[in-house]
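Both of the next two complexes hold subunit A, though its partner changes from subunit B to subunit C.
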Partner chain A sequence: MNRSRPLWIALLLIWSLLPMLWQLITSLTSSDALVNADIPFQQRWTLAHYRELLSGDPPFWRYLFNSSLVGGLSTLLTLLLAVPAAYGIARMAPASRRTIRTVVGAAALFPYVLLFLALLELAREFQMGNNLLAIALPYAGLALPLALLLLISAFEGLPNELDDAARLEGLGVVDRLRWVLMPLIAPATASTGILVFLFAWNEYPIALTWLSRDDLLTLPVAMARIAGSSIYAVPYGAYAAATVLGSLPLLTLVLLCQRQIVAGLTNGAVKG
Partner chain B sequence: MAMVFGWPMLRYSWLSMHASSVLTGLEPVSNQGANWIRLLEDARFWQDAVQTLRFAALSVGLEIVLALAMALLLDQSWRGRGVVRALSLLPWALPTTMMALGWRWIFNTPYGPLEQMAQSAGLSPLNLLSNPDWTWLATVIADVWKTTPFITLLLLAGLQTIPDDLYSAFRLEGGKTRQALTAITLPLLTPYILIGILFRTAQAAGVFDLIQVLTGGGPAGSTESIAQYAYLNAMRFLDFGYSATVMLAGFVLLSLVIFTAAVLLQISGLLRPLKS
Partner chain C sequence: MLKLNTLGKRYGSRWILRDLNLEVLTGECVALLGPSGCGKSTALRLIAGLEHPDEGGIELEGRSLDGIPAERRRIGMVFQSYALFPHLSVRDNLDLGLKIRGMAPAKRREQIDAVLSTVQLVNEADRRPEQLSGGQRQRVALGRALLRNPSVYLLDEPMSNLDAQLRDELRPELRRLILQGPQPVLYVTHDQQEAMALADRIAVLRNGRIEQIGTPQELYLKPATRFVAGFIGRPQINWLKKTNGACIGIRPEHLRPDENGDRWRLIGREWLGANQLLLMEGAAGQLQMLCSADFQPGEHLGVSWSPKDEHHFDPISEKRLSRS
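And now, the complex of A and B:
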């Protein structure tokens, strides 16, 4: 294995990155050159797709902004709900903890696509369609099971004595959580937050049915809309440019937080 | 959580016993189980069910094998490992719809790179996205590319829990490095592999974005999944009662598959390491 390792690493990188590199190349290729291989090499390159994208109506950064807003809000909401809940659950008797874990685990496994219709009805009922703030509610609800699994494990990793000592010092439950326990589970909270953010950033079926106004679309819906027009008329050049621009924030996030993401999934998976 | 998970299921159960479509002015009218009878006779639903299952089975199978290889590679220590780990995570982190369209361009006939290569190799056009017999394999490739990193992460986590001492002891006893894989690594990794299979099967059974964008369910409906059919019924045919029925049925089928798998695993004794 040792001698052939560079080969395997290269294969892994090619497999993971080639489709994305192809998007990058496509985004820089002029529309004519995409469908005509005979155009000479020097005349194939252009920035037109990017210019088109940024001057479009609504401009592309609008979708990035929408997605960031929804992602950030959902993450915040999920953590606000999940941290206290996980703390409460982690302090329960082992038997009830096991039951709750099973239920939460089942919910985390559930293919949530199947829920979109009823959620859409709720959106209509409460007038929550076309509202970027409101869509964070179902996102938080859907992300909650995974967040709970990860955070319960984190709280269970802390010794009970710590909590008891803080209680003896006269700290109330809120203060204990805020000043003693939160700092200790900060890494787990961070990795949970990143996973929730990724989920909200990438979610499609609910965004598709809840949002219809052009200037409110999140990135995945805006992207898919380009594809929806016709099988033959997809503007692949502009689309590839959108892919590149849309990937940059995530690329940064993943490269910076690789460790947290791995650690987060690890903990939840081991015990969940 | 009760609102987001519990309420929909109750609502579906109720809706599935009612006709609620354009014909009834979108008001639910009880139709005594006609939805369910229609479902049993609906060839399109059963075709979608078969398609969803074969899609899930093949992609999860491939993903596990590939992820195991990747995890073993990424678990060894070498320079630049952190960066490679992060890069190999990327496909999983990007929005599905985004890369589904990327794959659509790669599979494109006649301008995609694969077709171009086939052409210069003198092959006849592959028509990867317009051949009803083969297109589902294209969806599997895109799915494997996209979600293998997720399982890789899980398995990597598992590998890190195996103490190095075990391997040293194995070598002292005269075991070969190659044998260590089957003697130590795989048995101890089994719980992680099972969790991976479970998670991915559930997700793959609900596949929607990927197929919606990559093929739109075509050609000739050959790649349509259950979730997509439910979506079509609600949003295009505006038949909410039947859509709810399709979703419930999909859920029941999925539960059956997972339950059967769990029973089979129990019988084969593969679950034993989980209990220790």
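And now, the complex of A and C:
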């Protein structure tokens, strides 16, 4: 059992990483080579797709920036609202907590695609179209239920006596959050933040309808445009290059917060 | 001085604490003693301001604590779990409260160093709570309460998470650090021995009400109710079959072997070292006796006691019957 474990892990890794490797290879293969297997190995490789993307109008890094901005802002907004709310809810009586959890859970499970037309009406009414800051509002709103559920559990995992001890030390509610509770739920906050960021990074229907100016597009919309730029051919190479570039910021983020995410996902609690 | 006036707390319609009247004088340590669920910890939480009373009030040094939030009551509390901040070093645990109160860094350092040496944790200052032993954690918690410079100390089962040997070691520490100070101390415990050893007075609680308040001697010699008689004193008091309508209790240490006494059959014994605890069976039920003489199980022996050591209680009200 133990001896075959590395083998299993290797197989699983190949299974899950192969599609990404395929994308990477595709993005580095010239358009001719993609459709012609007879081209010799040494002549298949090119950076043309990347050159094309980065020298486009607007250049591809612009979309990366847009998505990072929207993602960062949505995450910040969500956490600013969810952390204090979760703290308050976690300290309520068990009966009220159960009710709130059910309602929030229902909201988290609601298919948000059903909302996007209504949201579009709102955007039009308040003239929030084509505004990268404004689109963070629906993103934060949609991510809030899930963030709340995760953070409520995190706060519930902290012993009440810690809170009590901090109060007796003279810490008001803001000080308690700042100095005692936030540091202790940091892993949960980090993993929640990443989930929210991922949602904003991947979101398509709202971005598609709220943003129309070329230089304001977020990644998913921009990539859809690349994929559909010609009706006669699918630009596989450029599309693969966009995928690779679009994954890099996420990869960096996850690598940076690796430890917190794992701790946040496995935790029921912080040991008291 | 800490004064509780008809303090009461209920959850829904169930009172978990009622009619608590108690004064803890300057320099005095009063133990709240009772089985779990008797409301003793609730009393502490009310005084600390962590919960709000539904009835009555609390006075500290002549001023009512009504409406003063826990953050601004000057209370040094030690929790059963110690409630140390797990992400902070010992030094930072002690520092947090001082920092929030806006004390200058140099002064903070000086005070913390002083307390660290008082609780003998100078070498552990940079460790996290998880790297400390139970006894060390408890001393950090004591140190944190000391630094608060409180007007009253509230100790909630501060030793019940420690093993017996550590408890014996920490008892003098507790006396030196906290009980000898001028502040009133309220000590919650379910361990009657601990209460007897540390407290000047003991309030025995049962189902949210005080059964009796008195010095350890008073509780032992003149328990006011049947419950107190059973709760104070180890091994537990013996209850004899009712005679003339009274419940009669006699403590194991007041029995003695006597050729002319009633006959009892020895059915078991425990060696306690200096003496042994004999478990006997007879016509009037079972009896425990502390005795230094050597008897073998199965033997029949005579037992007697002096009538003045008997405790009589009314079987219905369970109150002590005074005997002339």
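Keep in mind that, in the parts below, the second predicted complex is superposed on the first by the 238 of 272 C-alpha atoms of A that agree within 3 Å, B and C clash if a C-alpha of one lies under 4 Å from a C-alpha of the other, contacts with A are read in each partner's own complex, and residues count from 1 in each chain.
In this text, a contact is a pair of C-beta atoms (placed from the backbone, for glycine too) under 8 Å apart; a residue touches a chain by one contact, two chains touch by 3 or more.
Keep in mind that this is a model prediction, so the values were computed, not measured.
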{"item": "Subunit B versus subunit C as contact partner of A:Leu133, first or second or both or neither", "value": "neither"}
{"item": "First (subunit B), second (subunit C), both or neither touched by A:Leu198", "value": "first"}
{"item": "Partner chain in contact with A:Leu54 - subunit B first, subunit C second, else both or neither", "value": "neither"}
{"item": "Touching partner for A:Ile14 - first (subunit B), second (subunit C), both, neither", "value": "neither"}
{"item": "Partner chain(s) touched by A:Glu169 [first = subunit B, second = subunit C, both, neither]", "value": "second"}
{"item": "Which of subunit B and subunit C A:Pro145 touches, first, second, both or neither", "value": "first"}
{"item": "Which partner, subunit B or subunit C, touches more subunit A residues", "value": "B"}
{"item": "Which superposed partner A:Leu253 touches (first subunit B, second subunit C, both, neither)", "value": "first"}
{"item": "Shared subunit A surface residues [contacts with subunit B and with subunit C]", "value": "270, 272"}
{"item": "Complex interface listing, subunit A residues touching subunit B", "value": "1, 5, 8-9, 12-13, 15-17, 19-20, 22-23, 26, 34-35, 37, 107, 109-122, 138, 141-142, 144-145, 198, 201-202, 204-205, 209, 219-221, 223-224, 226-227, 231, 234, 236, 239-240, 242-243, 246-247, 250-251, 253-255, 258-259, 261-262, 265-266, 269-270, 272"}
{"item": "Subunit A - residues contacting subunit C, complex", "value": "159, 161-162, 164-172, 175, 179-180, 183-184, 270-272"}
{"item": "Residue ranges of subunit C touching subunit A (in the complex, touch as defined)", "value": "45, 48-50, 69-73, 75-77, 79, 81, 83-87, 96-97, 100-101, 130, 144, 148"}
{"item": "Subunit B - residues contacting subunit A, complex", "value": "1, 3-5, 7-9, 11-12, 69-70, 73-74, 76, 78, 82-91, 93-106, 108, 111, 113, 116, 145, 149-150, 153-154, 156-158, 160-161, 177, 192, 195, 198-199, 202-203, 205-209, 212-213, 216, 227, 230-231, 234-235, 240, 243-244, 247, 250-251, 254"}
